[in-house]
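The structure is given below, and queries will be raised subsequently.
Labels A, B, C and D are assigned to the chains in the order they are written; within every chain, residues are numbered from 1.
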Amino acid sequence: MKVSIIGVTGYSGLELLRYFRQHPFVEVVSIHSHSMNKKSFGDVNPHLQQLITLPLEEINPEKIMEESDLVLLATPSGISKELALPFIEADFPVIDLSGDFRLKKQGEYEKWYASTAAPNNLIQKFDYGLAEYRQYPQSKWIANPGCYATAAQLSLAPLLIEDKILLDSIVVDAKSGISGAGKGLSQSTHFSETHDNMTLYKMNTHQHIPEIIQQLQIWEPKIKAIQFSTTLIPVTRGIFLTTYAKLKQPISDEKLVQLYEEHFEKNPFIRIQKASHYPVLKQVIGSNYCDIGLAYNQETNMITIVTVIDNLGKGAAGQAIQNLNILAGFDEKCGLDNLPIYP
Amino acid sequence: MKVSIIGVTGYSGLELLRYFRQHPFVEVVSIHSHSMNKKSFGDVNPHLQQLITLPLEEINPEKIMEESDLVLLATPSGISKELALPFIEADFPVIDLSGDFRLKKQGEYEKWYASTAAPNNLIQKFDYGLAEYRQYPQSKWIANPGCYATAAQLSLAPLLIEDKILLDSIVVDAKSGISGAGKGLSQSTHFSETHDNMTLYKMNTHQHIPEIIQQLQIWEPKIKAIQFSTTLIPVTRGIFLTTYAKLKQPISDEKLVQLYEEHFEKNPFIRIQKASHYPVLKQVIGSNYCDIGLAYNQETNMITIVTVIDNLGKGAAGQAIQNLNILAGFDEKCGLDNLPIYP
Amino acid sequence: MKVSIIGVTGYSGLELLRYFRQHPFVEVVSIHSHSMNKKSFGDVNPHLQQLITLPLEEINPEKIMEESDLVLLATPSGISKELALPFIEADFPVIDLSGDFRLKKQGEYEKWYASTAAPNNLIQKFDYGLAEYRQYPQSKWIANPGCYATAAQLSLAPLLIEDKILLDSIVVDAKSGISGAGKGLSQSTHFSETHDNMTLYKMNTHQHIPEIIQQLQIWEPKIKAIQFSTTLIPVTRGIFLTTYAKLKQPISDEKLVQLYEEHFEKNPFIRIQKASHYPVLKQVIGSNYCDIGLAYNQETNMITIVTVIDNLGKGAAGQAIQNLNILAGFDEKCGLDNLPIYP
Amino acid sequence: MKVSIIGVTGYSGLELLRYFRQHPFVEVVSIHSHSMNKKSFGDVNPHLQQLITLPLEEINPEKIMEESDLVLLATPSGISKELALPFIEADFPVIDLSGDFRLKKQGEYEKWYASTAAPNNLIQKFDYGLAEYRQYPQSKWIANPGCYATAAQLSLAPLLIEDKILLDSIVVDAKSGISGAGKGLSQSTHFSETHDNMTLYKMNTHQHIPEIIQQLQIWEPKIKAIQFSTTLIPVTRGIFLTTYAKLKQPISDEKLVQLYEEHFEKNPFIRIQKASHYPVLKQVIGSNYCDIGLAYNQETNMITIVTVIDNLGKGAAGQAIQNLNILAGFDEKCGLDNLPIYP
């Protein structure tokens, strides 16, 4: 299988290259950038010198469709909605890592992204790519989920599907490494401002909120809202989610773990921790794993769910490749079978 | 006023020295360590060479009481309860930074610290030193609060005192820098294990939980329990608390801010952020400030309270000096009037 | 004494505010920014809210000279040379923290800063402010040294003045924290690019090279050049210098330490480490100290000099205040007597 | 090919597992620890849970030799010299990652490691494993080089072999991430002491000095000593070496780069940067690459060599596998062909 990557100079694009390097059935045949056509790719990315010898090409959809079998858009929200058009029109497979094709309900994109949405008929063609729960595994067009959204949805899935919690009690306290903000320069990516620091941002307005709700409502239509906040932590990679919810019935830690283990039994990238064990952020870095630990507190009747992913792995490039594997009929683990990098 | 510091080689002890350096009315006349009597103080603490010329002395209560007017115990929980005895028996003032004299209810210390408590009559002599709410400002014996407890109590005080929230809805998601774990060597203070990492520890069992509840019950006796978790973040100093609670009545952000501003009007170390502004961790480092930001979410009817302190400042040494100032009748700000260190 | 600060929103300007807060004889009466006149100072610098209530004013030299006794320019190189003019013309005291008035030899500024120099007669009016070696302590105009330059000059002074080393053997391997690059946004201050990273920059072209040589030639006119390189390390503050030179005669570590101790005997901010002890970066952070450790290697006949300063302390704001103290006839330590912040 | 790993719980051992995971021709058939036989491997290493299902076994040389074709000792210096004996006596292949079999000259190990050396006849059987310069590629016993030694030797090889530099002018200023100190607990691996810090340690006494000299003398017997110092930087992984030397003849940067390019033409893991380009630490993390940048300074007649490796990659596990590939006749790049992890 031959693929092209647009937006290869961003962090998700670079991570796609890293995973495809070890994929047995996929060859990256062309790489493209919407913003950086002139500089030599190796100069800008010295870690890739002598290893990636493909030139950085202009974006020519015709040429891409001639040479490749699928295109991945690792471009920011707002860019993808333009770039995707010619491919969709030509019935050519697209995996989009941006937020442009995720929100199905009209008006949501405008509200949360403060920008014009892609045409609605195109949005509806995309399958939301939470890999463990894809609705149309044969769909040619995949809207790869956001990093926070992936972690939040996987944290809550078993509880909602099994009807275990009070719906108005969910609190998701999310923390993210700085690479989630991409390569762009801003005060919130400035070393002296972020190192040794923590910053809560987009209070109650993060664009992943409607994305999370949309998926939770598939499992439990009665859910209306969740409390969700996002805080930057001084690490490059990783998302650490602490999720709280009140239970309808008390449960033991062992039963809770068992519930999750059984639910995710066939999902090799979801690793449920043993009772009284909680994942640390670093145990998934460089990988596509999503590790989940669970505890029930009988004093408060709440459960705490601790979930970690690599925002560039399961939160972006890793899951994109997992989705590609599903689409292409490969084993889900192809190209994703490496060990996390530790320490 | 002359003071002695026992446990001066720990991080809280060192921070006491740093604040006292700029205190106009207090002189540190002797420094002591329960564990490190032989090594030269300057060799172990090169940042203090030529600046602190006091020798590190053995702990001789008689001599300390002869030379000083007050003793600060910056020793770990479990040590203070032994060291404090001769001073209390001699009716000599003590500020204890450990957890040994904080929990008033019998059995609590044993349960949460898994160790024998100090004699109950001694515990009852101590005033819990949440400086803004001291019950017996003239008390000679002060149990300086824990770092998490300080931040959690200050976050919730106005809401409980003004009866604004549903008592069973409180979730406190607390993050702490590594210096909170002290100088001791363990896997959780090892650089390669903690750098670029986050770790949730003591799930539902942190010893500050009963300390928080004890104070909250003074404000609202009906409160039973809170959901409270503690996570290590890869910074040296600082506590970042995100607290969630459901409101009895909707409120605007402006009213919420006003409620807190009025409540803390006379407390110079509590700085309430303007509506839509949230404190970042670094803005209090090196200081005794506790900065609080607030937001109401009408979708979930929850408020989010973002609170930051320096765990060694308002969370330990700074508050100890604030308590000393109250006890001695000095202006609360004496020795604590410096600007935070930034960046 | 009353002072005004121009460029107060940069890191050196903020650090001036922090030190002046504890200065017994100096009051900051006005603060100014050349780039940020509109935003509220407290919004941009939340660590200062309620503490610094001065408004951010436009730069009006007339008004400044009316209200103040001295102005500090904490503005970048290239800006100071314009801003200083009206003050100098009016015979008003200026301490400039930029590089604009440091290089006395014509053509040097143009060569190393790639920009037009200030008028030569103005440059010559300035005294180079390496505080321990000021040539004209009564000068009204002080060119405060660069951070690297300060550390390099202090490292080598005793050896050159006492004629101990081979002049063509000097190698200075300098490392700096990211705050040295200021608040400006660039790839080299981007968290994801600098965290967990080290980058050598300005290979053989750093603008502090001629500044170092100029001072070394005062002590030893025969010196022509030094090998000097600068590397960014993932810390916010601090300069760590490792300097190597070949000795004319073998020496013991003890004699070497003694040479430095005697040389700097009257300089309270230079702390020479005992033989076999070397300073760590953190032991000077938040202070004006310059700590130096020394070792002789008889296998190579080289000495190694390990020198640490806080780039915003002795490398900028701290030394500026030390220079102000000298100029005003205050004790050198006024406002600079605090303990370093540790850990 | 089947291999066993002893010392798998240390950082180098874990990294061997990570690389072998992607090796097409090698299977890890057993893993062992000399210190941790009881705990479950997955509990201690949660990043490996469900991925490495091998049990942690006791060290039984007979059994290992029965099941495997080669054993890797990722054990600390002082341990390997005992563990290796039965394998060598049985003529069984060993790759040792410790310092126990590197120093060929009698008395050197005792002097620099302050411990009894392995028997001399065994030491002499080992081939020093600087992969690009192995003397006995068929040797069954390989002493894998130290991390600093690898970087220093590769930095200087072309200059010494081509006789370009003054032998008494070499200065190597080496910086290392904290994982180089292993998993052991000490003040120098304590987060609060090392974060935001830099520490020069083992001044003129690092045990890699004789190892470097030994190899340099193979290329240039007249070399006597080098100035070499080692400093800890606050990153987990990576070695950054800045090496200085005086040239016999001036040279242009381009010629210098060409010299290195030609010298390392056949070595896929040595990547020479273009003139005026210098490697950053992060560009080799997670890989076996050694990247080198070069500059000539005509003012000082010195060259500066900037060299970066991952201390756990080319500095340990990566090079061990490269050596295994050479020994087994595999392509040198087998199992090492992944892209570095960035950012």
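A few notes on this one:
Please note the rule applied: a contact is a pair of C-beta atoms (placed from the backbone, for glycine too) under 8 Å apart; a residue touches a chain by one contact, two chains touch by 3 or more.
No experiment lies behind these values; they were computed from the predicted model shown.
When the partners of chain A are compared with those of chain B, the chains appearing in both lists are C, D.
Of all chains, the one whose Cα centroid sits at the greatest distance from that of chain B is D.
Here A-C and A-D are compared, and the pair linked by more C-beta contacts is A-D.
Separation between the centroids of chain A and chain C, computed from CA atoms only, is 46 Å.
Each chain gets one centre point, the mean of its Cα atoms, and the points for chain A and chain D are 36 Å apart.
Residue positions 11, 179, 192, 196, 234-237, 280, 282, 343 of chain D each touch two or more of the other chains. Those residues of chain D that touch chain A in the shared complex are 11, 14, 17-18, 21-22, 43, 45-52, 179, 196, 236-237, 268, 271, 273, 277, 279-280, 282-284, 286-287, 291, 337-343. Contacts from chain C toward chain D in the complex involve residues 168-169, 171, 173, 175, 192-193, 196-200, 203-204, 224-227, 229, 231, 233-238, 240, 242, 244, 276, 278, 280-282, 285, 293, 295, 297, 299-302, 304, 306, 308, 343. Residue ranges on chain C touching chain A, taken from their complex, read 11, 178-179, 183, 185-187, 189-192, 194-196, 234-236.
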